[in-house]
Amino acid sequence: MAEVVLETHGLTMRFGGVVASNNVDFKLRARELRCLIGPNGAGKSTFFKCVTGLQTPTEGEVIMRGVETTHWMPHQIASLGVGIKTQTPNVMDSLSVFENIWLAARRFHAPRNANRKTQEIIERLALGSIARADLGQLAHGERQRVELGLVAVGDPWLVLLDEPAAGMSAEDVERMTEIIHELNKTAAIIIVEHDMQFIRSIAEMVTVFHQGKVLMEDHVDRVMSDPTVRNVYLGKKA
Amino acid sequence: MDLTVIILVEMLYAVASLILISAGLAVVFGMMKVINLAHGEFMMMGGYATITAVNLGVNIFLAMLVIAPIIVGLIGLVVERLVIRHLYGRLVDTMLATWGLSLFFIGLATMIFGNTTTGISTPIPGFAIGNYQINGYNFFIIVVAVLLLVGMLTILKSTRAGLIARGAMQRSDMAAALGYSPDRIYMATFFCGSALSGLAGAVLAPLVGLVPTSGGAYIAKAFITVIAGGPSLIAGLFSSAGFFGIVNQVFTFAISPVIGEVALLLAAVVLLRLLPQGITTKFFKGKL
Amino acid sequence: MPGSLSKDAITIILVTAILTWVMPLIISTYTLTVLIVYGMLGLSLGLIWGFGGILCFGQAAFFGLGAYTYAIAAINIGESTVPMILAVLVPAVFAALLGAMMFYGRLTDVYLGVITLVVTLILFKFINSTAGPQYVIGDARLGGFNGIPGFQTLNIPGRPDDYIWGDSYFYVCAILLALVFFLVSALLRSSFGRVAVGIRENETRISLMGYDVRARKTVLFAAGAAIAGLAGALFANWSEIVTPSLFSLGQSAEIIIWCIVGGLGTRFGPVLGAAGLAYLKFLLGQQTMIDNTLITGLILVLFVLFLPRGIVPALASLWKVSFGRRPLGRIPQHRRMRNRERING
């Protein structure tokens, strides 16, 4: 069994009286690909934000490769070699594709290497034709792809993606899937996602969130055929 | 004993004048998320309106409480139509444009009234408490501030316009979706805010020698009070004016007026560092 | 930014040489000196606001601090070299402390504006109230609203009796501005500068990449203050007196106006805006028909409404349209749009 790269113990997040994340125990091993699913408000995104340092959990702990990162800032977590993509595209609109990716590359490489790495990623992601265009002028799918490039260029060993396929065309999703599989050769990946089609095409292991808790954790096929999960999604009583 | 009364009155007065100074800015900021940096100049114009009216033979209370607010309100209306409405939602740009307006009005007042100090005497005589002389006009300021808060609360709580205003304050997009033209709401708000600034400037005019640059003395304090107050209009105004007013007076009495001012400003820095979104994000949440 | 740093250097040297040769034929060197000083001050805010996205309402505080540091140190030391260095260091350290307090507290936008404005006011009020004889630093009386006159002005390093004044002082200032401009260019071309622009564009993304945004903003803020401090010391040498009005909000407002009018996100814009508007003010000061402040205010309002990007970017776009090249720096419209969404949302 590969080493555990991310685990949480009793991760709890309260907003006033609302418990958005309730005592979540979670484990992820190296080079594993895991999808987090669940209906709206199930606590996936809160879990995501607590792990990435965008929010500080009320209770519990987050451990990455044996280091406790519970109260760390996002930049500290990212510096460990964790690639993060948030739900809404977080890119630098008035900088070019090259400049965007270069900035991410520069964090982990000297300038000369950063240039080379950036070129590599641009070729790998087939962004060559738009490398000099400003992000603000690009289509949604292209922006998502660039953001994935920002994440990939740092050679992360853990990648956290929040709804990477949202609002993308079928063609874009296909390309995205390829990139994610490629990333998965070297990194463990967590994907928060709604789109069942996309999940089926990409994942084996799925963790289902419901009302802030982990409802079940199993292979995608078994999860999909599970009556409880279906009911949660369709809103019926189990 | 006498000293205690004096200090108490002075503190109340400091709080009241902060409330007066900030009310206009708070209304505009609370409703429209616009920081009007020409606020101090609106007050200055309120002062000039009062003095001019009094010199023309108008009763001073009529000049302060009616004429000045209306004149400044109308000036505000023109400003809103010509400048502010093009910049809604662009917080920093509005701040810059209104800063430009502030300079414009200083220049205008200098051209009209000259760069000399003018003033009127306070209409209410002072009296003595024990060995200390106290300014009777301070009580007037306190009364005006209290009436202002009560009036604002009543309007917001129990009138139709107040309800619309509260709705627009929380979700301007929803208010618009329900059929209330944000354009007209903003126009009305800016008129009211400017009128309040005019009122404040008018009421405070007898206490200061008025020069075209007088506004500068107010704007920073108003700005601080409003920002430190946070999202709730009246609770924010009251709590931050209370806090700063007391800090100011404690240090004024203990050391000197300059230190009092500096202490107020330092308190603002510390407060914002601790509660970056203002007092009412932590306390009095959800109040008006 | 297209081109390379060595190209920048050549351009800067050429432009400086031409301007220092041509401009004195039109305007007196005495006036030009102060225009240069203001240009440097404009550049200091242009750096942190235009490239770092930090809107400082109190840039005048660092300017005044630099001037006062120079004056006080010069009186105590009697030679100008160390005071000049102190005038750069003191504002930088002060800004680093202030910046650390603000950025580590995650203050942004309006709140940043309030704090910087308040700090400027505190300094202004404090210095204004130091008229009494008990306020002394070494041999220097702070002098309250009267300011500090009669300090040692710039001399050739190590020779306190050889003053640099008049035309030679003008050339010194011009060379210093060129040098600062070059350093700013180098900074912006460095990785640090590029990350700073990234922070201006999207703070969250930069921190998710693993950069410590707080530390970088603090450093940039201090760099801007150092430049403002140098400008302050040069101003003190030019005017031979320092007064609290250097700290005033009016002064801060003017610096912001220079940047807006000249153009944010460019290096040249704030310098041009500062020198141009200061000269305009000088010309307007010679007439009495229309008040000076009124015109300054009107310019600001009109620019925010009609040319919010400023002159230099507008000219650059025009150039781009006519000759098909990319403009230098930019804060485009959609960024403003995004701000709108954020505030309404």
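The chains carry the letters A, B and C, assigned in the order they are written, with residues numbered from 1 in each.
Heads up, the rule we're going with is that a residue touches a chain if its C-beta (ideal position, glycine included) is under 8 Å from a C-beta of that chain, and two chains touch if they have at least 3 such contacts.
Everything numeric in this text was worked out from a predicted model, so none of it was measured.
Here the chain-to-chain distance from chain A to chain B, counted in touching steps, is 2.
Among the other chains, the CA centroid farthest from that of chain B is the one of A. Contact count check for B-C and A-C (C-beta pairs in contact): higher for B-C.
Centre-to-centre spacing of chain A and chain B amounts to 48 Å, using the average Cα coordinate of each chain.
Chain geometry summary: the mean Cα position of chain B and that of chain C are 32 Å apart. Computed centre separation for the pair chain A/chain C is 42 angstrom, with centres defined by C-alpha atoms.
The touching residues of chain A, when paired with chain C in their complex, are 52, 54, 73-76, 78-79, 84, 86, 90-95, 99, 102-104, 106-108, 111, 134, 136, 150, 154.
Interface residues of chain B, counted against chain C in their complex, comprise 33, 35, 83, 86-87, 89-93, 95-97, 99-108, 110-111, 172-173, 216, 220, 223-224, 227, 258, 261-262, 265-266, 268-269, 272-273, 276-277.
The touching residues of chain C, when paired with chain A in their complex, are 191, 194-195, 197-198, 201-202, 204-213, 330-332, 334-335, 338.
Remark: chain C residues 55, 101-102, 105-107, 109-111, 113-115, 117-119, 121-122, 125-126, 128-129, 249-250, 253, 256-257, 260, 290-302, 304-305, 308, 336, 339-340, 343-344 touch chain B in the complex.
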